[in-house]
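Data block below; observations after.
Chain IDs A, B, C and D follow the sequence of writing; residue 1 opens each chain.
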Amino acid sequence: MNFDYSEKTQALMAQLEAFMQEHVYPIEQDYIHAVETNANRWQTPAMMEELKAKARAAGLWNLFLPEEYKPYGAGLTNLEYAPLCEIMGRVPWSAEIFNCSAPDTGNMEVLAKYGNDAQQEQWLKPLLNGEIRSAFAMTEPAVASSDATNIETAIVREGDEYVINGRKWYTSGAMNENCKIMVVMGKTDPSAARHQQQSQILVPMNTPGVTVVRPMAAMGHYDEPVGHAEVLFENVRVPASNLLVGEGKGFEIAQGRLGPGRIHHCMRLIGVAQRALDEACVRVEKRVAFGQPLSKQQSVRESIAQMHCDIEQARLLTLKAADKMDKYGNKVARDIIAAIKIVAPKMACKVIDEAIQMHGAMGTSQDTTLAAAYAYARTVRLADGPDQVHMMQLGRNLIAETAAKMVK
Amino acid sequence: MNFDYSEKTQALMAQLEAFMQEHVYPIEQDYIHAVETNANRWQTPAMMEELKAKARAAGLWNLFLPEEYKPYGAGLTNLEYAPLCEIMGRVPWSAEIFNCSAPDTGNMEVLAKYGNDAQQEQWLKPLLNGEIRSAFAMTEPAVASSDATNIETAIVREGDEYVINGRKWYTSGAMNENCKIMVVMGKTDPSAARHQQQSQILVPMNTPGVTVVRPMAAMGHYDEPVGHAEVLFENVRVPASNLLVGEGKGFEIAQGRLGPGRIHHCMRLIGVAQRALDEACVRVEKRVAFGQPLSKQQSVRESIAQMHCDIEQARLLTLKAADKMDKYGNKVARDIIAAIKIVAPKMACKVIDEAIQMHGAMGTSQDTTLAAAYAYARTVRLADGPDQVHMMQLGRNLIAETAAKMVK
Amino acid sequence: MNFDYSEKTQALMAQLEAFMQEHVYPIEQDYIHAVETNANRWQTPAMMEELKAKARAAGLWNLFLPEEYKPYGAGLTNLEYAPLCEIMGRVPWSAEIFNCSAPDTGNMEVLAKYGNDAQQEQWLKPLLNGEIRSAFAMTEPAVASSDATNIETAIVREGDEYVINGRKWYTSGAMNENCKIMVVMGKTDPSAARHQQQSQILVPMNTPGVTVVRPMAAMGHYDEPVGHAEVLFENVRVPASNLLVGEGKGFEIAQGRLGPGRIHHCMRLIGVAQRALDEACVRVEKRVAFGQPLSKQQSVRESIAQMHCDIEQARLLTLKAADKMDKYGNKVARDIIAAIKIVAPKMACKVIDEAIQMHGAMGTSQDTTLAAAYAYARTVRLADGPDQVHMMQLGRNLIAETAAKMVK
Amino acid sequence: MNFDYSEKTQALMAQLEAFMQEHVYPIEQDYIHAVETNANRWQTPAMMEELKAKARAAGLWNLFLPEEYKPYGAGLTNLEYAPLCEIMGRVPWSAEIFNCSAPDTGNMEVLAKYGNDAQQEQWLKPLLNGEIRSAFAMTEPAVASSDATNIETAIVREGDEYVINGRKWYTSGAMNENCKIMVVMGKTDPSAARHQQQSQILVPMNTPGVTVVRPMAAMGHYDEPVGHAEVLFENVRVPASNLLVGEGKGFEIAQGRLGPGRIHHCMRLIGVAQRALDEACVRVEKRVAFGQPLSKQQSVRESIAQMHCDIEQARLLTLKAADKMDKYGNKVARDIIAAIKIVAPKMACKVIDEAIQMHGAMGTSQDTTLAAAYAYARTVRLADGPDQVHMMQLGRNLIAETAAKMVK
């Protein structure tokens, strides 16, 4: 057991931190201001392209793509990527600079793993180059989508085409004007075995019948310029060749992307929470009330200490999950992935909430990143399955395994 | 001891509930939509005037004004008003229908109590008639305003005028285009005794030197069309007669309004929380996951039970506080007002958060009132003094009193 | 609505408090010492008889017995008794002084309500006179007894006798050498309808076949001299006339006693918690660490304030429950009884735990009443049904009622 | 970073677990019964000597002693010892089998590091051989001992002797009849600099003037046969050569032992908590209520999942602390030692409390180890400094470091 980051990781961390110090933190407020004052709120501010160019030149590009897709990415393990993802998490929109934004990351992995040559040529390459963005249309308003067997969107074969009908929402990324392609989850065969009913299919945004109905709010935030869309599919026709892998593979593909997707959320949230704690430390040292800096108050010290303990524990658990995924695969690591998905978002909510309280009214305002950070952390308690679903699965597995072991 | 509402109160509750059922709930989504699609986001939708007329005709008008200002209002005690305020709290913007919106309520009380005839004629009357709206400029970005002695805005006498310089924020109401008057807290004599330095003065919105800098967000929400403004005062000159009562009375006036202000927040939040619980009950009964309605799950039942217990306890404590204020005055009731200010907002945050979780992604969206409700409850943990200040005062007083009593 | 205690209640409270000040607090440590050093740990110290005589002389006797049994008791309502029960709860063993100890209180109510003349003559009279003590044998080690239909103890008619076989535990009171009679819950007809299988029967402690196996610990405490017994029934024969009311009435009788039993626990726990808070206030005022009394620390003040808020809220909810029971009966008050049973023990655990922490090592020792108080509060989270059962019922009822009301 | 235990550690874990399975678990109830029925409750049951002989023969002896004292012990690092200490923690009294009991472990380290040849010959050797036991007299009833400068016990030089006067309590181990030696902390020079006033001195139990006043309870448990004593020192005279190192070194020696002492508590508590979770899993799988095993209930699964997450996080933090202590020393690891001391006991309390709830009445009884486990975990929230002291120090350090780093 060894709790030090490897030399390779430390070097990458130093490089990424230096980039953030030089290029990101100084323009953080400018970027937010550019988004707020954009004529088109769903257009990414122009400065993003410059930042991307710098990051790519510095070799900080596609860091999320694991070894197996080496030609395409940095070839990092989950354990190596984790602290980098955390650093980007300190400024959530910065992930795009390094072409590490969700849901593009998951879509690129899916295309790299399951896409055929034509699909990769048409969609994966521009995604890897950061030329376009993408969306993943999974959640539906009408059903409890955490149970994938509930999905109702129909993908029906008609000749050389598939016809898609359904309504999705919280399709992250689909509001952005540079979003060109969606991966859509639906059912090709509702009468098949429970986990063979679903398929995934590529749907270009400009396909007739696709309507972006409206942006969805996440705790009052619309997360411009990326956004979360409600998308209506009315007799949307795409070539049959747009199907990923084959009919009935939708559940399997989803499982494959959810492991990394969840751990990326957790890594990012640890960065978000650490940032909140750091800002809180600065605040309580500077703010004076009732004759002394807040930092002299025992309750503030206790709170800061607890925030640190909570973050550090979630970080270690997330790193252990990454290590297990690297060594044994996502399936074997299922329970610890559930564990971090339970732990990290709740931890982040709690830590950010404390930081808000220490900031007073300013903590609720647009002048810090805390309110948006809270909204993000809060929604992750629901995204990719609400806490309760992960707890159900983890609890059930633990009981079964332990009872079997102890009773023998 | 008697836990039944009085007959008078029950009759008013029934009348108000009927009004809400007939006139408010049916157009709730329309109103929100009207706000969202308003050309001017700070303009109150036109339908408000119709609703106000109906409420006034029904005698549901200025319900908040206590007995002592009987000619002006309904003459209800705090205990009588509490359940009415709770009912309005179920649809927070509905308070304006009954001319019971903060901060107008506090401003009307202040004007009724401290205003001279001219001030009452010019400002109180149109406020009581619901013709204009008002704001209270207290909190400042630069200092911990929960300690009123920190306030920095200067109110300096020059001949027949006062000259005001300072910067305020979270001046609720000041964004609304119908807001005509501000009550401003500042210092007339920084060298006076600690609680005689402050004064309050009336500043019409259109006074030269007053700049509404920007709307402030509250956890991502801008609370249109009312809003919370950052307001800059640069050499703002008003007649000396605009001063309330006299120099050095600002702290006393503030104390007088904070008691009712705090309990109104708590009453309203109990309504907000009860609404969230009610919506959650409907949701879990209808939503099916993993083969059964959520309402069949033991964890959901436990959560619903706990939410109910938390609300009911906070309600009783708030009612007891109202009773104590009615019988013994705000000063004697100081500790129990602190207690409800500690209890109710935290309770509401917790209850609403659970309701959000039970609603899944929809709970975080604009399609329920939950996200806005959470933002409101969360900000009240800071408004009128953060939790920590109330806990400090209540804890200190309890220790002193108990130690004195026990040690004898 | 009126939050003041009635004059009658205030007078009784004053009388009881004076008695506690004069006769109980001064000898509290002596009594505990007498218990600890008793040759027979299950013998009540002799000083108890003197105290009882004084209390009876003062008219502070059988305070728990409601109006309907007026000839026997004080004829107080639940609402009138509540604050008295709370005052006794500050010194849990003191209830016996006023003949208000569980489980005698429940047994006396059952005998007064369901006992025939002979049963009342033989057992109720000496209980009302405080001459003997009693036990209630309900919980069984082998089954989840919170679901009364699980009870396995057999009560089988053979001629003029019933023959009892089974194993009970946590039969409170049965260790005490003055315990003469048990009320035993068992099944006379396992094939009857679900709630008609059970009966209750009187079993004198000295009946052949009754074995007190051992005292049961409650979180390390044996609660001498009262104790909680494991009791084995092996072919225990009692006259058929010992049956209460009739075969199949056991569940109904149990329901009748559980309402008052639960609210008494809650009233008492509020006294226990208030005592813990009072002691904590004294402690933090006197104890010096790092150069100042603990009471100067913001975290201590926050904690004290929160403890007060938690107690006061639970108190109000309990009083409201008492009021509802008085006005509408235990059945109608079912949900609010569940609510206080959920709230009060958890509140007491939390408050006492904080008080322990403020006392340092002493808080865990035998030198304060805190550790025993915690053990008591913790076990009530399981006694008369674990929290989860009450939450299940309350949650289920709330969802059904609310969903029905809202959807209409 | 590598989250797998080293091969050496895995081999030791397997060996220790096999020993527990073969020799400890099968006689666990017998041992507890032997303690309870012992004529002398402070005498260790005879079976302990056999177990010790077997453990020593198996090479599982003095595992706690680090590399630097290799001739004496197993030479394990903290990181290697941690999982072994956790395994022993599953049966807290089992540590003695492997000569790894507190406070002997700390005393042996102190003697190995600071003792001169004569002191080592007389006391360290028999301790290493498990022939005698020892105690550490630090905490005093009269003062907040978490602030070591408050210690009042006087150690005064008179000729060739030191004369000791003072009162200690919670002197763990001192009740046991095989306890022969105490390390006593006191003040040799109250006028010296703050951290040079204290000294530590060896006091044989049978020295005239030493009175073991009484056993102290820890949440109702007396922890026989080891116990926690109140010890009175009245003109206790020992040779001057009994002083450890020299006058004024007491604080430094204490600091040296507290780091390992704290992490050992945490390692052990993780074992205690894991055992509680394992027992809970078995319980909920077997126990049927309302028609199904408890394990089918969603709330039970959620609770089990959370317990697991909490344990695993505390374990990782503790292992990281051990790694840091090994690599950089206790002083550099100060903050992370504070962090685990904050985290682990609270985590254990919470986990054990949940396990108790799942066990129903049995969970509070003497028939499981849960109640004693809770008492142990709860007292560690106070032992070696209450949570608040560690939070104060950790919070203060974090704020200072972060504010310095961020503001630059």
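The criterion applied here is as follows: contacts are C-beta pairs under 8 Å (C-beta built on N, C-alpha and C of every residue); 3 or more make two chains touch, one makes a residue touch a chain.
All of these numbers come straight from a predicted model, not from anything done at the bench.
Visitor: What chains, if any, are shared contacts of chain B and chain C?
Guide: Intersection of chain B and chain C contact lists gives A, D.
Visitor: Could you tell me which chain lies farthest from chain A when each chain's centre is the average position of its Cα atoms?
Guide: Comparing chain centres, C lies farthest from chain A.
Visitor: For the chain pairs A-C and A-D, which is connected through the larger number of C-beta pairs in contact?
Guide: Here the pair linked by more C-beta pairs in contact is A-D.
Visitor: Can you work out the whole-Å distance between the CA centroids of chain C and chain D?
Guide: 37
Visitor: Need the CA-centroid distance for the pair chain A / chain C, whole Å please.
Guide: Computed from C-alpha means, the inter-chain centre distance equals 52 Å.
Visitor: With chain centres taken as the means of their Cα atoms, state the distance from chain A to chain D in Å.
Guide: Spacing between the chain centres: roughly 43 Å.
Visitor: Which residues belonging to chain B are in contact with no fewer than two other chains?
Guide: 298-300, 302, 388
Visitor: Mind pulling up the chain D residues that touch chain C in the complex?
Guide: My answer: residues 139, 141, 144, 146-147, 150, 169-170, 216-221, 287-290, 299, 353, 356-357, 360-366, 371-372, 374-375, 378-379, 381-383, 386-388.
Visitor: Which residues of chain D touch chain B once you look at their complex with the stated criterion?
Guide: Its residues touching chain B are 297-300, 302.
Visitor: Please give the residue numbers of chain D that touch chain A in the complex, ascending.
Guide: 1-6, 9, 79, 277-279, 281-282, 284-286, 295, 298, 300-306, 308-309, 312-314, 316-317, 319-320, 323-324, 338-339, 342-343, 388, 390-392, 394-396, 398-400, 402-403, 406-407
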